[in-house]
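Notes follow once the structure below has been shown.
The first chain written gets the first letter, and so on, giving A, B, C and D; residue counts start at 1 in each chain.
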Amino acid sequence: MSASFEKGYNALKEQVDSTVAAFFSSCVHCGMCADACLFYTETGAPERTPIHKTEPLRRVWKQEYTLLGRIGKLFGIGEKVTDEMMEQWETLVYDSCTLCGRCTMICPVGNDIAGMIRKTREGMAAAGHAPPGLIGATKRAITIGSPMGVKLPALQAQIAHVEKDSGMKIPLDVEGADYMLLLSSMEIMNFPEFIDAVAKIFKHANVSWTISSEAFEATNSGIQIGASDIAAELVQRIVDAAAKLKVKNVISPECGHAYMAIRWDGPNLIGKSYDFKVVHILELLDDLRQQGRLKINGRLKERLTYHDPCQIARRGGVIDEPRNLIGMFADNFVEMPETGKMNWCCGAGGGVSSNERADEIRLQVFQRKKDQLDAIHVDGIISACSNCRIHLEDGLEEYHMEIPLLSLTETLAENLEES
Amino acid sequence: MSDASLPQFNIQIGNDLTWNVQPILHEIRHALRKLLETGESSIIDLRSIPLAPGEEETIIDTLGCGEVHAKLNALGPSEIYETRFTGVWLITHFNEESSIIGRFIEITRFPDILKSQHEDMTIALDQLEQELEHASLSDQNETEAETNT
Amino acid sequence: MTNDLSRKDKTLGETLRSQGISRRSFLKFCAATASMMALPPSMIPTIANALEKARRPSVIWLSFQECTGCTESLTRAHTATVESLIFDSISLDYHHTLQAAAGHAAEAAREAAMEENNGKYLLVVDGSIPLDNPGYSTIAGISNYDMLMDTARGAAAIISVGTCAAFGGIPHAKPNPTGAVSVSDIIKDKPIINVPGCPPIPVVITGVLTHFLTFGTIPELDNLGRPKTFYGQSIHDRCYRRPFYDKGLFAETFDDEGARLGWCLYKLGCKGPTSYNACATTKWNGGVSFPIEAGHPCLGCSEPDFWDGGGFYKAISMPTENITKTTIYAAAAGVAVGVAVGATGRMKKASASKAHQKVTIDDLEK
Amino acid sequence: MTETELLTWVRGPGFQIATIIFVLGIMLRLFEILMLGRKANLAEAKGSEMSSGLRTVFSRTIPDASTFKRSAFTVTAGYIFHIGLFVVIFLFAPHILLFKDIIGFGWPALPSTVIDATAVITIITLVIVLVHRLRDPVKRFLSNFDDYLGWFVTILPLITGYIAFHRIGMSAPSLIAIHILSVELLMVVFPFTKLMHMFTLILARWYNGAISGYRGVQS
């Protein structure tokens, strides 16, 4: 078996529903989504206008699901989707879109353009027009268990390291724990401090938790590439592990699309509601704050801002929680000019960071973030997504800016009262 | 049928509907200035302009009455008078049944129709001469008769 | 309307003078005539000059499928003095309602006038001509069609008086049982002046006659063959109630406050905006009033097929048929077709799901 | 065909045909969309779909400050011609009569001089909008036949209406007939072009609001 145009076309046919039909019927080509997309504003290339990226899906809708289009198709009239056309769209759909959803937020007729691009990727992936980088990551996620190739021994080594440094016990495969923590490969490989921070906070707040050795990976390449079958398999691993450990809650870590995958897409991918709850680490922390279970020791004087990861804030619904938490320890917090649900993407989400081909453009469009940061002059940027964090660091370096990047969870842990 | 049983209609007149009164008055003003400056006369046919009920009266009331008032009797009566604005004349022609057959505002030193007409004067002269001839003849006859007695 | 040859050779000026009419009276007559013909007062000297020299033309008046309303209108022309002068200055040689002669004598008069003035007489027609069956309307056993064709042949020009002669009028209204047509439908080789109206304003009829008499030419006509001097502007444009239209003040019924206050009658079906006639300025009954001034919407009687315009009391912007029903049925049909088409779309989607082959990591590349 | 016959035709059978295609087409398109349905969301909701959807239907009319700044022309011109169209179509006395005839009730009209001025502003704005569409790189790139057809059939009734109102060039019955005919063209084309956004944007905005609202974000 292999990818084929027919499979891709069929996938696009599957993706059309009443929302897609309503969206395409409503688009008046006003071009406002271009102004909301950093891939357009920073490059000025009209073909990067968000709605244009959905063209393969639009053509399928028009030719298969509208009376006029169907009649036209009978007579061979109308724009067809071809394999060549899909190939042409590959860089638009994958390299020039982070699925950040800012276009969705401003479209005057209310089109969920990001959602439509996500659906378009289903067809692209099935037709074999996904970027090689993403295909590789997806293969690793399935075969190895992590898109970055992190295996259990690597995690065990990091845990041992943390345990040795902090003297705390990291609970692995503890049955009946309240919370099961997921981690992103990046946290395991680049930011093991995160594990330390979580352990410290949970100890401080007396939270019963564990990590599963069978499903610790939170990221989901299937979501990014647009292969629901693969995404479902990755979600199922977590669902199975949660069932095995009989946990009540699963924690999505500081990663944007992981939250989207496990919290919002997961049940729909596996076609079944969960027996457990999914919370983002920030939601849980804010919950603990509300319960008075977090005691802060001292406050930070630095001028700090918060970068909203798109999938957590705009697409995920976690907007107030990080601000509540930052308010606990920061004296001098400033918002970026456009923030919360209107924040600008860092430029590397939605699989763009796994796609080496897009390295140049993701750094080019970072200009958008730079402009936002230039407007507020901060001493530190807090975020809650390790992918954002890595790319922000890359971008700052590229543009010769020196602003430290902080993880919200880690910063909070550092400022906890010693117990 | 008594008046009370009829629906009461209150057709609006006066300022609310005078969409042609002011323009006509201004037209008269311009015509009067032209008369003063170039000596050229103008005529406005009031019946060629759409007027609401009462508008014609408003115009006539505004113009008022001046010093000269003349009556003509030619194919029915005609009323010609100078308004209180010297040089602006109102000419109303009636037919023999006393209905108006034409109404004009003439801006002129003296309306043409009042002037004695050449053709009429020719006839008048003829007639006068004839009558005088006739009179002198009869005078002669009378004298002769007197002489004869 | 005597027909003595001695008068026929005189000019109008000579005729008037011989009747002892003064020059001043003549000037007054010319002023009234100019006003009647809706010509600017500056034209009075020209009219005087032309009328002075005008000779009496012979006029033949044919009445076909008509109600005599046009003749009634004409004989009630208010400017009695002027009319009598005009009629004194034409030679109405045939008009079966007005002439004293009847039967064979009348037809003989017509034939004599045609022969004597061949190529010069003026033909006036009121009423439409039935083409279905000539028997629908005949005069002295002659079908309207034959009489018209015969009389038109030697005419200098034809004046179609009334909407029936000009556009077919009420006999032409649906379903047009007699196959009625207008004069211009069957006569193509003569100048035709249409003077529509049901009836036309009397001074408009005399105005057109006077124009012909005065200038010996046909007045400037619009695309429907109507003299522009009288039919050049719509009732709406010259209506004294127009300011109410512009302000959006309308009578909604015939006895509401708006009707009492004399507001615009558009909503009551007034056809003023699409009707061209002189009613709003010339008015009727000696300039006393006209339908809108009397509180009734214009019917548009000077326009072709005004009977079939979808109802006298339906505003121009309203559809002529019941659209509510159409809308409901179309909506119901739309829902049905939409559901049907949507259902096939749904089936297509379901079969696409069925045809779905699971995408594994081996299926990401070709 | 005389001009009165033409006027009677466009007011009668012509309007019937146009109404049938217009209403049938709109219902067809709406149900064609709705029948496709969408899957129930199995994830645990964080907010209400309904209230967020309804709010977005209205709130999307007003852009946020930064979006307005970025797309100032599109938004401003869009506002002007949409409001202009609304005023001209729905607040002109003769038009209200048409609606009253169909739905049984009317509403107060604006003075025709106001309508006249609004029509002029709307026509000018639509012309500027077209020029902008032809010159702006994004709009020019995105635009297809549908966009230009939609523009054309929208401005046409405005122009013919303006000409009919002022009786320029032809007699009133012809001008009014042409105006009504141009509206009928608009009605016939409406359901099968972008113009459908007038109705589908309610669905689209609701879906948008619902998708976001379910996740606890007010879009």
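Odds and ends about this structure:
The rule is simple: a residue touches a chain if its C-beta (ideal position, glycine included) is under 8 Å from a C-beta of that chain, and two chains touch if they have at least 3 such contacts.
Note that the structure is a prediction, hence the values are computed from the model and not measured.
Chain closest to the overall centre, judged by the mean of its C-alpha atoms against the mean of all protein C-alpha atoms: D. Chain centre most remote from that of chain A: B (centre = mean of CA atoms). Remark: among chain pairs B-C and C-D, C-D carries the greater number of C-beta contacts. With centres taken as mean Cα positions, chain D sits 61 Å from chain B. Each chain gets a centre from the mean of its Cα atoms; for chain B and chain C, those two points are 34 Å apart. Centre-to-centre, using mean CA coordinates, chain C is 40 Å away from chain D. Note on chain placement: the centre of chain A and the centre of chain B lie 96 Å apart, centres being C-alpha means. In chain A, the residues touching two or more other chains are 16-17, 65, 67. The set of chain D residues touching two or more other chains comprises 28-29, 32-37. Those residues of chain B in touch with two or more other chains do not exist in this structure. Working note: touching chain pairs come out as A-C, A-D, B-C, C-D. Residues of chain A that touch chain C in their complex: 1-4, 7, 10-11, 13-14, 16-17, 64-65, 67, 125-126, 128, 130, 135, 138-139, 142-143, 225, 227-230.
Remark: chain C residues 167, 222-224, 234, 236-237, 245-248, 250, 266-267, 273-276, 303-306, 308-310, 314-321, 323-324, 326-327, 329-331, 333-335, 337-339, 341-343, 345-346, 349 touch chain D in the complex. Only residues 28-29, 32-39, 41-44, 46-47, 56-57, 60-61, 63-64, 66-67, 70-71, 74-75, 78, 136-144, 147, 150, 192, 194, 196-197, 200-201, 203-209, 211-212, 215-219 of chain D touch chain A when the two sit together in their complex. By the touch criterion given at the top, residues 16-23, 25-32, 34-36, 40-41, 44, 46-47, 49, 51-52, 65-68, 104-112, 115, 263-268, 271-274, 277-278, 313-317, 319, 337-338, 341-342 of chain A touch chain D in their complex. Within the complex, the chain B residues that touch chain C are 7-12, 17, 19, 43-45, 47-53, 55, 72, 74-76, 78, 91, 93, 95-97, 99-102, 104, 112-113, 117-120.
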